[in-house]
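Chain IDs A, B, C, D and E follow the sequence of writing; residue 1 opens each chain.
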Amino acid sequence: MPRFFKKVMKKSGLAPGTLLYTNEKRMEKAKITIIDYDEKDLQEKVVKTMEECLPFKASPTVTWINVDGLHEIDMIEKIGQLFDIHSLVLEDVLNTGQRPKCEDFGNYIFVVLKMLSYEEKKHEIRAEQVSIIIGPNFVISFQEIEGDVFDPIRERLRASKGRIRKMGPDYLAYALLDAIVDNYFTILEKLGEKIEYMEEVLVTNPAQEILHTIHHLKRETIFLRKSVWPLREVVNILERSESDLIKETTGIFLRDLYDHTIQVIDSVETFRDLVSGMLDIYLSSISNRMNNVMKVLTIIATIFIPLTFIAGIYGMNFKFMPELEWPWGYPLVWGVMLAIFISMVFYFRKKDWL
Amino acid sequence: MPRFFKKVMKKSGLAPGTLLYTNEKRMEKAKITIIDYDEKDLQEKVVKTMEECLPFKASPTVTWINVDGLHEIDMIEKIGQLFDIHSLVLEDVLNTGQRPKCEDFGNYIFVVLKMLSYEEKKHEIRAEQVSIIIGPNFVISFQEIEGDVFDPIRERLRASKGRIRKMGPDYLAYALLDAIVDNYFTILEKLGEKIEYMEEVLVTNPAQEILHTIHHLKRETIFLRKSVWPLREVVNILERSESDLIKETTGIFLRDLYDHTIQVIDSVETFRDLVSGMLDIYLSSISNRMNNVMKVLTIIATIFIPLTFIAGIYGMNFKFMPELEWPWGYPLVWGVMLAIFISMVFYFRKKDWL
Amino acid sequence: MPRFFKKVMKKSGLAPGTLLYTNEKRMEKAKITIIDYDEKDLQEKVVKTMEECLPFKASPTVTWINVDGLHEIDMIEKIGQLFDIHSLVLEDVLNTGQRPKCEDFGNYIFVVLKMLSYEEKKHEIRAEQVSIIIGPNFVISFQEIEGDVFDPIRERLRASKGRIRKMGPDYLAYALLDAIVDNYFTILEKLGEKIEYMEEVLVTNPAQEILHTIHHLKRETIFLRKSVWPLREVVNILERSESDLIKETTGIFLRDLYDHTIQVIDSVETFRDLVSGMLDIYLSSISNRMNNVMKVLTIIATIFIPLTFIAGIYGMNFKFMPELEWPWGYPLVWGVMLAIFISMVFYFRKKDWL
Amino acid sequence: MPRFFKKVMKKSGLAPGTLLYTNEKRMEKAKITIIDYDEKDLQEKVVKTMEECLPFKASPTVTWINVDGLHEIDMIEKIGQLFDIHSLVLEDVLNTGQRPKCEDFGNYIFVVLKMLSYEEKKHEIRAEQVSIIIGPNFVISFQEIEGDVFDPIRERLRASKGRIRKMGPDYLAYALLDAIVDNYFTILEKLGEKIEYMEEVLVTNPAQEILHTIHHLKRETIFLRKSVWPLREVVNILERSESDLIKETTGIFLRDLYDHTIQVIDSVETFRDLVSGMLDIYLSSISNRMNNVMKVLTIIATIFIPLTFIAGIYGMNFKFMPELEWPWGYPLVWGVMLAIFISMVFYFRKKDWL
Amino acid sequence: MPRFFKKVMKKSGLAPGTLLYTNEKRMEKAKITIIDYDEKDLQEKVVKTMEECLPFKASPTVTWINVDGLHEIDMIEKIGQLFDIHSLVLEDVLNTGQRPKCEDFGNYIFVVLKMLSYEEKKHEIRAEQVSIIIGPNFVISFQEIEGDVFDPIRERLRASKGRIRKMGPDYLAYALLDAIVDNYFTILEKLGEKIEYMEEVLVTNPAQEILHTIHHLKRETIFLRKSVWPLREVVNILERSESDLIKETTGIFLRDLYDHTIQVIDSVETFRDLVSGMLDIYLSSISNRMNNVMKVLTIIATIFIPLTFIAGIYGMNFKFMPELEWPWGYPLVWGVMLAIFISMVFYFRKKDWL
């Protein structure tokens, strides 16, 4: 459950704009990495204090500041001062229970979204909050823990592959978003495989444990949906933004990104349909099995109860029971019993129970 | 149920604008508190009659009049006269079954919303109506009972913490709304914990009592939803308002508030999905248990009914039953019975019932 | 069912605008009441023929013509001629299966809505059609039968209470609509009490008859919903109307009315949720009870069938059954049976069936 | 099923605009009727070839050409040439699996809708396609088979009843549409009666056959819905059309027609709700009956199985069974059995099973 | 499942615009066919390298380049260079898990949609991606495998049938889209027949295997829906496009195409309703059958268990059992048993179980 409401609550009662990290401390020490580049040069640096970023702010080159770990509130506050970020934005950066959103503050654009990962041990999807601030010549990204999703982008920057070095901070931001959304497909694939596997199991051996797995899948789908749905609007706002910060050349890429988010949402909806279909099938197959159990009981009981009754009759100790004296009494009773047995079997066969 | 329709009905037949408090009297005496402040000074006062408020109305400072307890209709009427409030607004203030809403009356804005609290004894969410009137230099807030949700705001005002003393009545109103919405997260957390606990119970020990707890959770979710959904529009109207009463600098805070209400609604919807999922799981697990009960019965009956039949056969008292005379008759019968028993057990094992 | 489609069908094949009353005759004689008033004077009159209304039409005072009983088609036609009402409007007045609607015809506005009442005997909600025509200085209201919902308004007019005498026909029309919508809350309360009662019964004693009561509640909710939903748009159209017939000062009252209709709709939706939740609970509790029945059967059968088998064994009449000769045979068998019995009881206790 | 996809498929692979009648031939020979009228005169004629229509086209009078039977493709093509109709329109006229729609082609408006009829034998709703082309001084209507729904309009034309002779082709088209929509109410009534009847049966005697009747009703509702839903938009487009072909005076009638279609849709939705409610009730009552069956079995078995066990005990043949020798043994056993019997009966009574 | 997420995932981590074919290689060698035509001439050619297309690009005639097989990335890249196509478009062409979409790039319009086919062996719908690029004087279409859906268009081009040779590349594109959408109706018919067949089976013989067939139908419907829903918007965008590439004369055809897609979507929705109705019926009929099984068991057990008990009584070996000595004891017991039997049968008949 805590996944569903990451301690947004702690904030209750504080003044708006008060900075407070709302999750457990996940890293020893926050890590700030700076990549500063233009078409010709690229400079990479790990800094200790935010003040070291200041020279990059003035230069016309694109500066990407990546912050891993959000528990050092002083540092976040410093960033706010240096880059003139509104305190509500900083609050949202730290409050990791945010809903994905995109806000235009005039001199910068603020984007929050979720980085998903699949925790194999717990079979659970985990969501980390990633916040991105797009300024005129810088991009600041905040992550809760150090991740490797942005590594390919770093590689492309270093190798000057593709158009990334030739374009501005808006394209860089797009590349970061694209990396995150692309990563969703990995999660979808994991979930998709699980569902596919479950559907097969459902047909061949619908055991009882399946119920909890279906429930689990349902919860994961609800969770996924919650993280992914607002994305559609986020990217849409970004694409239709009339801000100067988003250049027209980047628009086409954002449209492509938008298509991908729609595709993700589409798949999540399909998952929902499939999982809820699975529950129906499971319920039906329980009923079917119950039916079969009942049939076995009914057949056996219906055949043998009357026979046992007959045996009971001739087990009575009345003095005057003429049948008992007949020499053919015993075989006769056997005959009657056999007749009943056979006619019962015929009856059940006719009813398609055998 | 009365929670769902707080006596809106009593009004039926009266002229529109007739003042009538529609809930039981909840406080001994209504309590009026005034906080009057600007950036430099702050004055706090508990008044007896509304006339004492009048001097504050004329002054350019921001005046916050908080009224706890709504049963003194004369007083409410007085406020209406002094601050030129429409009688329909006063009616809505008193009629505590209102739906959250926001209306712009030109010289003031009227906001109704629900303050939620969790009553531990009844395991129920309670909703109090809070009405806020935002004027050019005053804010009037009405509460049914004295609450402590606004205390942190009073503290901030007194301590002159944050920007609150520097800003106008619109920011004060925002702060009040923010305090109420922040408070929702506490309720969400309570409900979330309950749901989490229920889900665990559902897996480990799905007893019969669970059904009513699920039903109860469902009702609470419906109730929560009813209180929370209209909020979205309320805050949206406030944010997009073109009234002079809402300054542009407050807009950004209202947007933040809007994000929070969306988050609350999102969580309530997730609760709905989770609770309805729980019912499905519960129903399936009942079916499963029934299946297991049936299997035990079927196994025992199917094994022993035929055996008892055989025993019945040789309990018959026919004179001429050759088997009875055989020296090996008795062990033979045991042998046959054992054979039937073993083959039955194999059959059930093959069918995965054992 | 006829409630759901009040003989709209009879019309089929007639020219549009043909007048035809589509319900059974409900009153002996139609009754026309006229109240003519301005701020100073008020004149009240029961008339026989419509021609008597004519003088009031010319005067600048507000004239309220109330018609109870719709079966005298000539009279309705006459009204049409005198007040220049379109024949399609008259057709709608008579055709009592109309959906609530609001249409602006330039020189008058036509409003149709439903007056609801709760028939205690049949436990059913009844809907009467009320049509209101708002002209420049008159209001004509049509009711199927004489009702008492408008009585408080008459009282207010006579007593000159509130603002009603000072305002125009638009306010009068608003007052009529308000009276009708206020009346809905009485119905809601009735239904709400029933649902509340049913929920309690559901917990304490979910007997079989409940099923039909739930079904009945569901149908009433569907019916209520059908009557109430279109109201939202009706009042909205009226509020946003740019017609000269609706003065700006009435706008604020219509907005209040709009809030009330939203509240009614909200409650109906909540009812739907609650009733459908009740069905789920009922179904689950049937399953639960079945489970309990099965458990009793299974426990008894599973314990005694094997014991009976053992008794059957030693009831066989084989000549050579050494156990029968043992002096301790009988107590031994009792011992074995007791052992089986106790271990069974333990088994069921472990399985939580006892 | 073919009802649901009236052979739209045959078209696959042909060039757009290729004329092909997609239904079985339903009439011996197509029949073309012409009614040409203005306020003074009316001329009626059954023609063999389309060329006979030509003189009417030029005249300023309103010409209504009604074509019954669509299998003579040459004739349809001829109409297209004479009245300058787009080949895609002709294709749609012939392809009777069209969805109701309304298209403005500048010099004419093309309307497709469904004429419904209830086939008593199969208890099925049948849908015939009716296409209407509204030109500046003519209306062409196409029907698959000769129907009688338009007869009242012919009567009104001949008798010059109402305003129909005074108005243009747009009013004629409206009259045709109105006749068709009015006809829907007959179908609704049929279905409504069936549902009402079923609800009663459901309460009194929920036999097994009901299931298929409910399913059948559901299918009919789905079918009705499919035919009726698009109508809303069709009439709306027509009403809001800015084409010169629709005069303003007809607008008010189209609005009335629009209200009727909304009413039809409303009823279909109510049917859906009612039918799905019936299924729920049916399922619950099956469960209830099963419960009752189980109770009878459980009561009988639970009472007699232990008693039979006791009888079995004293049917054993052990040599040393002291009870057997007791003079009061037999009555004592009877006593014990009676005690068990009575306590069982009490137990079941307490559990409310008896 | 792979059908639902055709390996969109592989892309993850690559730079946007990197070309990569995301499906298995399905053809030996890509095949490029060129048809170049104007009203007078038509030239057809199979080319090896894309350079051969170049002369056609310059000519004013319409050029249709059809590419079957997407695994030769070099070739696709070449096309991009020659016709100045954006790398993101080429990426989408190759990434066959795209959602149907339509994008206007100024000098060309890019359309992606799904070609459906029914694989008889697996009873599955297959979807191939078809991409169409509409330029000022050319149309490029990409297919994953060689298909025959476009053959009728080729025929019409060669035979100069219809208007196709007289119109531009936009009409050609329309013709291609129309061919694909027409093809959907074949799939619908297949599915429709299956559903119809299943409904019949459901009534006559609802065996257990049906469950998986229903589930299968449901999945196919979900899949179909996913492929077809976005089409609506695609065609709508195309129709409302203000691009110079879509001439006004083609608009009317696109509107017709739009109607067809709505019809397809309508049918898919109807399928959904029908299939989900089938599941309800199936579940009900399982319950019904269970009920019948239970009845048989209950009747037999309820009749014979008490009789067996009586027999058991007189099988006891008490010394003093006066009944055993009676000469009429045995026939009397038979009489009692018969009486019980008959009264039981009456009881069950009264309960309608026999």
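For this structure, a couple of remarks:
Simple rule for what comes next: a contact is a pair of C-beta atoms (placed from the backbone, for glycine too) under 8 Å apart; a residue touches a chain by one contact, two chains touch by 3 or more.
What you see is a predicted model; the values in this text were computed from it and never measured.
Subunit A maps onto subunit B through a rotation of 70 degrees [Cα fit, steps of 5, range 0 to 180].
Subunit A and subunit E have centres, each the mean of its CA atoms, that are 26 Å apart. Centre-to-centre separation of subunit A and subunit C, using mean CA positions: 42 Å.
In subunit D, the positions touching at least two other chains are 283, 287, 290, 294, 297, 301, 305, 308, 312, 315-317, 321.
Contact topology of the protein chains: cyclic, one closed ring where each chain has exactly two touching partners.
If you walk the ring beginning with subunit C and heading to subunit D next, you pass the chains as C, D, E, A, B. Only residues 152, 156, 161-164, 174-175, 178-179, 182-183, 185-186, 188-189, 192-193, 195-196, 199, 203, 252-253, 255-256, 259, 262-263, 266-267, 270, 273-274, 277, 280-281, 283-285, 287-288, 290-291, 294-295, 297-298, 301-302, 305-306, 308-309, 312-313, 315-321, 353 of subunit D touch subunit C when the two sit together in their complex.
The part of subunit C that touches subunit D in the complex is made up of residues 1, 4-5, 8-9, 11-18, 86, 88, 92, 97-99, 101, 103, 105, 208, 211-212, 215, 218-219, 222, 226, 279, 282-283, 286-287, 289-290, 293-294, 296-297, 300-301, 304-305, 307-308, 311-312, 314-317, 321, 323-327, 329-330, 333.
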